[in-house]
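Below are structures written as structure tokens.
Shared chain: chain A. Partners: chain B in the first complex, chain C in the second.
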Partner chain A sequence: MDNFLEKTILSIQSVFEDMFYSDAISVKKGIMQSLDTRIKLISLFVLLIIVNFGKTISFMTIFLIYTLLLAYFSKIPLKTYIVRVSAVSIFFTGIVLIPSLFNVVKEGQPLVYFTKNFYITKEGLKSAIVFMMRSFISLSFVYILALSTKWVEILKALRTFKIPRIFTATLEMALRYIFLLLEIAINMFLARKSRNVGKSDSSEGRKFVASAMANVLIRSQQLSDDVYNAMVSRGYKGEYKTITTFKITFYDYIWIGFNITFLSILWYIHP
Partner chain B sequence: MSTVFELKNVYYSYNKSVPALIDISFEVKKREKLILLGANGSGKSTLLKLMDNLIYPDKGEIWAFGKLLGDKKTFDEYEFRKKVGFVFQNSDVQLFNTTVFDEVAFAPLQMSLKKDEVQKIVEETLISFGLEKLKDRPPHRLSGGEKKKVALASVMVINPEVLLLDEPTNGLDPRSKKWLLGKLQELNKKDTTIVIATHDLDMAAKFCDRIIVLNENHTIETIGKPEEILNNEELLLKVNLI
Partner chain C sequence: MHIPEGYISPQTCAVMGAAMVPVLTVAAKKVNKSFDKKDVPAMAIGSAFAFTIMMFNVPIPGGTTAHAIGATLLAITLGPWAASISLTIALFIQALLFGDGGILALGANSFNMAFIAPFVGYGIYRLMLSLKLNKVLSSAIGGYVGINAAALATAIELGLQPLLFHTANGTPLYFPYGLNVAIPAMMFAHLTVAGIVEAVITGLVVYYLQKVDEENILYKFSYRLRGDNR
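And now, the complex of A and B:
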């Protein structure tokens, strides 16, 4: 019971810590932080698409260096960044790619023999490496964007892309209330912990966490009724109107100029 | 003084079975500071929601500015929302936007004001409530007192004629409470009618022209001047306030 409760409390706390961590980075003065969020979103989206067309290791290496430099100049702590992104892109993607290394999946030039008819192919290894690099670079762009920008700004930028208001408004509200519900949940767990005497087994812990989840769900439903009332009270009539102020600055033009040049050179060497 | 609100024999029940308010009749005069006093569960919050046309009475009528609430021919919701502001008991309910600026801009935007006009009045409101430094902060990072300030600012930005407040002093520290009372006095001097639902006797003593006492049977126990009611120990004991 102690463990179960403790783990739940700690994981809720780590959500808050993560949020503080990204907020702290997003106010630093780095390359990504100085850009307009709309420009950031569009440019990273374009870069993501281009990376996913890449088929050679050299092409991927150029982009790998690009993302590492971008992370460095955006003041993103490199060690945590590499560990977190690699965990998914190298470890998990790696496991999925194991079968494709062997000749039984894809014929090719033998590289390492296990038996006469079962070996790792050169082509298999190459495509696995390209795939892992691609996933590392793609994830890096998303990671850099998420850390260098406040969520609120990302959602506001989405508003300007003609996405139906109902979707962006729902996302914004979800972001707003997720904290409130997490706070309610953590207080419930702490209250339970404060009344915990002696040892109790983990099945009891699971029961408590399950009932707490149901409780939070019911509360969230009541909350949604109240929030709706509060919106109606201030003139909401079914259409969520918002105001967004973004400004494109000198840095944005430099950024766009740099990327166009970079991609043109890349196109020239790697058509 | 003209009448802004008039309630006639209002009856409201939850799920059409559990009565929350029974036979409620009273008037609210323009520029008045009125307190709805009652113990927990006496129906104060429900009464405010009825007055804000968020829920509708099962029986009886509510008139606001000479028009019957919900009447299809004469009642104009847009005009009503512009004239009546409601500050909820739980500020978290009211602060549903992602930043303080968006929160204050919500009401004027819904009321279709022009964007530059909204920008201007929001800036002015933030300054007058001392919130300009918090404008880009998300509401969940604010203290209880700050949240209440933002909630009040988000309603006052459209300068309503009537302000309904549900337990406004709940959970506020003494300084925030003093600030709130001062702000409400200031608004009242500028002709805002103020209706507060509370069980805070201290607030009732400091801030009101008239008190309506609700009892635990969900009816009006009495209506009177603050000195008559707050010095009547027998009455306060009867309605479970002391």
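And now, the complex of A and C:
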């Protein structure tokens, strides 16, 4: 019954791994890495919206090729990328969508008969494929963005959009303290695991998890006092001053130009 | 409970996102008014806390594990307004950093988990306290109702998709199951398993804090938000 310990340790571990991985990818020289972060955020957001309005397999195929090429030219390891994005968009979504293939959910043209009154419909299959492709493409854009951009850069870019200070400031601090709290948590779970002898039942496990949470809560409150004192000692007076330097380069204009052309052609051939 | 990207239409995303704007605006105002400068880091750390405990696997009978959200717990600690900012930020980080949920779906996800869950949970908690129940039980019931209210909201958002968005011949474009499937499926899982996990964990955390005499942490901010001096 100690698998909840291992699972938690592994999932926290994977957060650290993801962080490290994205640091390694974001310094490579690829298409996405050479763009201004603000342009990148806005353009991916627009692309995301357009994809989510897509309804046909051919439309989705064009975007699928687009994302794969984008990932390739941004030097993102393709195998890891496809496995990671497929986990939710193909496998999880696929399981969710299985019943929707059949005529019991929605009547349609029969495609594969199981019995006379129970068959897979053509419409059901088609919309399931569009659904999975849309999900895959949407997640790809987010994945490519997260891997090709340093976190600090995303935060900086958000600052330049007119988001109220209270959110950006809280976000920036939260992001830094997540890693501290995660480290505290992983140490607690590791300590518990290393002292685990024999079997413990699940109710004991729940008590452990709850006390670990309460402990993290207590420590985080102490931490928040410390953080405040540290901020005051560095001259914090209730306002944040931040330095942001962004420069839109030649690459950004090429990127914007390319996307406008791409979307106009798409609009023309596939309204 | 995260709605992944692509499950609901961009129109729904826009509506849910728009619904979160007034919530967050009021929350920011309330927090600015009632929080000291000193409490701003507390909100950031509350958000980091929410993110951290969502990673904890809770063992459930039968050998598998589940997750708690901790929305009610955070609402009791920080007050519901600050909790809703903290949770929104935690969800934002999950969406952008790990691709959980999604960027377009962030509005819907934060409406369910950062607005409905903490507010309903906190409301029920206060109601139970006024009925002279002890804090452990009140917080557990708050957690249970809070997460189920959020699950119901999620199910309704998903279940409305085939009704609102379909092709001319009626083939659904987004989430294909209607309310008659989405609500029972979602509520069954939450009423029986996820809700109970949330309730037990929330109650146990409060119990533990009482036991180690650190209970005041829970009320440090919410007393001040209500204007009590304790």
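Note that in this section the second predicted complex is superposed on the first by the 223 of 271 C-alpha atoms of A that agree within 3 Å, B and C clash if a C-alpha of one lies under 4 Å from a C-alpha of the other, contacts with A are read in each partner's own complex, and residues count from 1 in each chain.
In this section, a contact is a pair of C-beta atoms (placed from the backbone, for glycine too) under 8 Å apart; a residue touches a chain by one contact, two chains touch by 3 or more.
All of these numbers come straight from a predicted model, not from anything done at the bench.
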First (chain B), second (chain C), both or neither: which does A:214 touch? second
In the overlaid three-chain picture, which partner chain does A:227 touch, first (chain B) or second (chain C), both, or neither? both
For A:52, using the defined touch cut-off, is the partner it touches chain B, chain C, both, or neither? Pick first, second, both or neither. second
Where does A:152 make contact in the superposed view: on chain B (first), on chain C (second), on both, or on neither? first
So, A:108: does it touch chain B (first), chain C (second), both, or neither? second
Tell me which partner touches more residues of chain A in the superposed arrangement, chain B or chain C. C
Of the two partner chains, chain B (first) and chain C (second), which one does A:235 touch, if any: first, second, both, or neither? first
If you stack the two complexes on chain A, which partner ends up touching A:177: first (chain B), second (chain C), both, or neither? both
Intersection of the chain A residues that touch chain B with those that touch chain C: 151, 172-173, 175, 177, 180, 223, 227, 231, 236-237
Spell out the residues on chain B that touch chain A in their complex, using ranges where they run on. 49, 52, 54, 77-78, 81-82, 85-86, 88, 90, 92-99, 102, 105-107, 109-112, 115, 118-119, 138-140, 154-155, 158
In their shared complex, at which residues does chain C touch chain A? 4-7, 9-10, 13, 24, 28, 31-32, 37-49, 51-53, 55-61, 63, 65, 68, 70, 73, 77, 85-86, 88-90, 92-93, 95-99, 102-104, 162, 167, 169-174, 176-177, 181, 200-201, 204-205, 207-209, 212, 214, 217, 220
Residue positions on chain A within touch of chain C in the complex are 1, 3-4, 7-8, 11-12, 15, 18-19, 45, 48-49, 52-53, 55, 85, 88-89, 92-93, 97, 99-100, 105-106, 108, 123-124, 126-128, 130-131, 134-135, 138-139, 142-143, 145-146, 151, 154, 164, 166-167, 169-175, 177-178, 180-182, 185, 202, 205-207, 209-218, 220-221, 223-225, 227-228, 231, 236-238
Using the touch rule from the top, collect the residues of chain A that touch chain B in their complex. 151-152, 155-156, 172-173, 175-177, 179-180, 183, 223, 226-227, 229-237, 241-243, 245
